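Here it is, the structure in full.
The chains carry the letters A, B, C and D, assigned in the order they are written, with residues numbered from 1 in each.
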Amino acid sequence: MIDIQLNGKMVKAEEGEMLLSIIRREGIDVPALCDHQAIEPCGSCRLCMVEISHRDWEGWKKHVTSCLYPAEDGLIVNTHTEQVLEIRRNILDLYLARCPNSKVIQKLAEEHGVYKTSFDKIPNADNCIMCYACTRICEVLGRSAISAVYRGHDKVIAPPFNEEPPDCIGCLSCAMICPTGVIPWSDENGVRTIWKKKFDLIVCEKCGKEIISRDFADYLIETRAIPEDYFKSCDDCKRIDLARKMGAIVLQAEEAKL
Amino acid sequence: MRVDSVTKLDKLRNDYRKLIDTQKKRILVCLGPGCLAMGSDTILEEFKKVFSEKKVKDVTVESVKKTGCHGFCARGPLVVIEPDGIFYTKVKKIHVAEIVEKTLMNGEIIDKLLYIDPKSNKQIIDYKEIPFYAHQQRISLRNVGQIDPDNIGDYIANSGYAAMAKALTTMSPQEVIDEVSKSGLRGRGGAGFPTGRKWATCAKVESDTRYVICNGDEGDPGAFMDRCIMEGDPHSVIEGMIICAFAVGSREGYIYVREEYPLAVINLQTAIDAAREYGFLGENIMGSGLNFDIKISRGGGAFVCGESSALMKSVAGEVGEPRAKYVRSVVKGLRDQPTVLNNVESFATVPVILDKGSEWFASIGTKKSTGTKAFSLAGKINNTGLIEVPMGVTLREIIYDIGDGIPKGRKFKAVQTGGPSGGCLPEDKLDLPVDFDTLTEAGSMMGSGGMVIMDDQTCMVEVARYFLEFLVFESCGKCVPCREGLYQLYKLCTKICEGEATEDDIDLMEKLSKTIQIASLCGLGQSGPNPFVSTLQYFRDEYLAHIRDKKCPGGVCRKLITYKINDLCTGCLACIDVCPVKAITGKKKEKHVLDTDICDRCGACYAVCTFDAIDIE
Amino acid sequence: MNYRLVVNPSLCTGCRTCELACAFYHTKDKKPGRSRIYPIAHAPDKFVPVTCLQCDDAACAKSCCFDALKRNETTGAIELNVEKCVKCRACVAACPFGCALIDEVHDEIIKCDLCGGSPACAAFCPTKALEYKKIEVKAASRQSA
Amino acid sequence: MTHDMDKIREIISRSPAQPSSLITVLQDIQREFHYLPCEALKEASKMLYVPLSKVFSASTFYNAFSLTPRGENIIRVCQGTACHIRGADQLLEQLETGLQIKSGQTTPDMKYTLEVVNCVGACAMAPVMIVNDKYHANVRVDRALKLAKRG
């Protein structure tokens, strides 16, 4: 365990633990859009920037993204200096120009006192903030069906050749993890559509409720050794089933007692 | 033949020296980038053709040598006749026969091909006496332009691989690191990190695998020193890398060459193959037990790959996006292993340091920036070319003594150093000594060594806009300040160039620049606003002229200028031919008329007019 | 260590106090969400309180591609780390007993976490159909998920 | 457009079958076909064990790669700083007007592709244009189109 000073308070931390998780643990509110515990930090949104200095290093001061900076003994971390707030405001200002219609961005910007962007809005803006959460989560699954393509200001998230991604299994992880909810998908009539690719949904053999995409179930069966039977009915029906089975045993036992 | 001992290397060197001495005359044809673009390859062929057909005393086909960049590109194509150092400039294919006839057969000098010193108006025969060369001191460029890069013998004859042999057979790795540290050598790629300290850190990290990478991704527009070294003296880079591998204990090295330099790849590969043949690369080099080999990794055309972590990703076959470097690449670099990454020029300098000693090297230059630095001179300067000077010379010496000032007697406005990460320095900074720290303090940076000189017909706002456009195109797009911030900065700068900005926009740009500098993930973004910040610092009046007066003092920004034809027009039709929008009309030998309503102010007419008949207002 | 939530359906009256207790115990932002336990009638007036069995070889944990479901070795519960949960619903589909659930109110995946060691459902069960008690578990039979 | 799959496989198999060969393989494919055909990328993905999305990322990230077929003659105008201040924009404009295409495009007859390139390191002789790997130095605006069409 090491000691760091966080906004004036001494806190204990594990060496090498990322500053952001310590900040979160201490209940300090620092915004971060590209951060998610299921994926490795990548430092693209720059909102979790904090000011650091060191007890023993005179005059050393830096601004770093807390999601990627490992804690070390003697570190002095300040999450809300005027300069840090100014950086956050300016970044949110840029985000408002990039994603003017995103409710998430609007709310976060307002919380920081930015009500409208100082810049020209990007033409044909969508709500994608290019945080790579979707591509990173897809990589964790070992699929990498989508990726960031082109570069610089033209960079977008897309499937290969903008066609149906061959490696996509329709698990929705990308759409679910997206902080601004920009990835469109739908489940209709037993068919899931995402990235313009269509997937058969397994429907509950008892009640007809849509459960999971066939490809995702196959993936879980194959890579996670889940028995195929488990995917035959929906959670509601499986609970009722369990109640019936247990009930039957209980009844039997009660009868035996009598 | 394997060369595995100092004795064998000494013998080889003597053999090569004797061989060269037997060639009484040598004709060196410069095939550097500048001369090549002027067609020097055809001159080389012509010489070879002549000597294969004709017998000339003391000269054979082997006497004709291609070399890398000789440096004085402005006067290219260059042909040097050694050992007398006769320096022929602006040589054309048609001159070859004359050179053979007069100079080589009869020992006559051809006056019209000589360099004329504009100050004394005198012809100079030996290039070493030309001010352009006389003010230089060449260390990393020692062989560039002097030897045939494809011939390892030339390199060995010039004491090549001697430093490597010395290090591997008489020194310990620690001694090599100490020597490099004591020399004070700082990374020539731009940041100026002490090379010795980098090597020492890498050597200390516990690991079975360490990599040595040479950064040949010379992306700064306006810089071509590394290209010239890789093309003109590839063995010096290889030798430097072998010494480094020995010092840090590496078995595998990479040279990352940018996509735009195909000839560098070819020459380096030839050199690597030759070095392997002699046993300078491979197993048990010089019998020292060092196993080391080098592979070339070609870039894909991305400026950001000059950044170390992006470069390492690119070498690993991935998209060149930088990562946050809270763990330095010298500890965790390529494939997460400790990696030394140095620039081409740094590696090329190392053998000389070991050869002549750290004290000698440290005595050159300034206290904190030792040695020499290669620069490429380009833009609005008379003597464009490749130079190397001791650290600490002033910008004025470089621009006026070596570079011979601004063409057509125009006025100097700014010198751009450090490429898109650097800045523009004005006239009153010309007496600053050129070293790492001074240039950074002045708001620019050394960068890799590109120097682009600008005259009063350059618009500094437009220059900032140009660099921002470049950076927007080259940003990898990973982090927001760089991707969105530079884009907005570029948009605002364009607005100024179009005369549609207000002074509030400048404030906004300054505020945004600060955020981009602090909050960007890698060096590209962090230094991205520099071209804007430094031009605003020194040329604020030009910004204000665009905003308040809607005028472009440099006469560049299209929306703020008009072209007019004056009475000097002779009616030559040249401008009519080039005008892409057909805004100029007129008959031969009659003064032409320019319709300003149609004119889209591209400036083509101005560029072709040889009678100064086009005015910019 | 060796505590388990023991369900005795014979004692269950279907009063659904456990549901309320569960929902309120896990309440966030003053809006009670979904319960993790359901008394389900399997015959007239006969109920089984269905809740997570904290299976030894739990399909929910195995199906989670992001390591969000982990057994708490102290309580024995397989707990969901909401910070790691992507809401892909693999666990919902994979649990053979339908005990990984979607809470539409908070747009979250939920499952029984034994309330960190003192299950509210058991505490409030008026008939002791639910009891959290120490039981003998052979050391080898429990493998950590 | 279909390509000889055997040729594509042969090019890919020149490099070790591992993900780190990706950039090299893409360069080799580009050299052969002057662009990256879709089926070659799919094949590279399979043979090098790289997800197709990552192949696509790399193909679009690096400037050297083109996903659309290019013309017989490739005309590149250097946009380095030295070239810029010595009138590279005007050169480009002349070529765009003369060839009736924008930079990055190919003429409909597939004869010429016009591209810009960020500094080729021949700054001393700015402005520079490159026609099929042949460098032309100190190009005057009135000569640009002629040099381009000469091939």
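Criterion: a contact is a pair of C-beta atoms (placed from the backbone, for glycine too) under 8 Å apart; a residue touches a chain by one contact, two chains touch by 3 or more.
None of these values were measured; they are calculated from a predicted model.
Two chain pairs, A-D and B-D, are compared here, and B-D has more C-beta pairs in contact (counted per touch definition above). Chain C has its Cα centroid 68 Å from the Cα centroid of chain B. Work out the mean CA point of chain C and of chain D, and you get 60 Å between them.
Annotation: 38 Å between the Cα-based centres of chain A and chain D. If you average the Cα atoms of chain B and of chain D, the two centres end up 23 Å apart. Within chain A, the positions touching two or more other chains are listed as 148, 150-151. Residues of chain B in contact with two or more other chains: 302, 319, 473-474, 476.
Remark: the chains found to touch one another pair up as A-B, A-C, A-D, B-D. On the side of chain D, the complex with chain B involves touching residues 19-24, 26-27, 50, 54, 57-58, 61-65, 79-87, 89-90, 93-94, 96-97, 117-126, 128, 133, 135-138, 140-142. For chain A in complex with chain C, the touching residues are 36-38, 137, 140-141, 171-173, 176-177, 202, 211-212, 216-217, 220, 224-227, 229-231, 233-244, 246-248, 250-251, 253-254. Those residues of chain A lying in contact with chain D across their complex are 135, 143-151, 158-161, 165-167. On the chain D side of its complex with chain A, the touching residues are 38, 41, 51-57, 60-61. On the side of chain C, the complex with chain A involves touching residues 7, 9-10, 38, 40-43, 46-48, 50, 59, 62-63, 65-68, 81, 83-90, 92-101.
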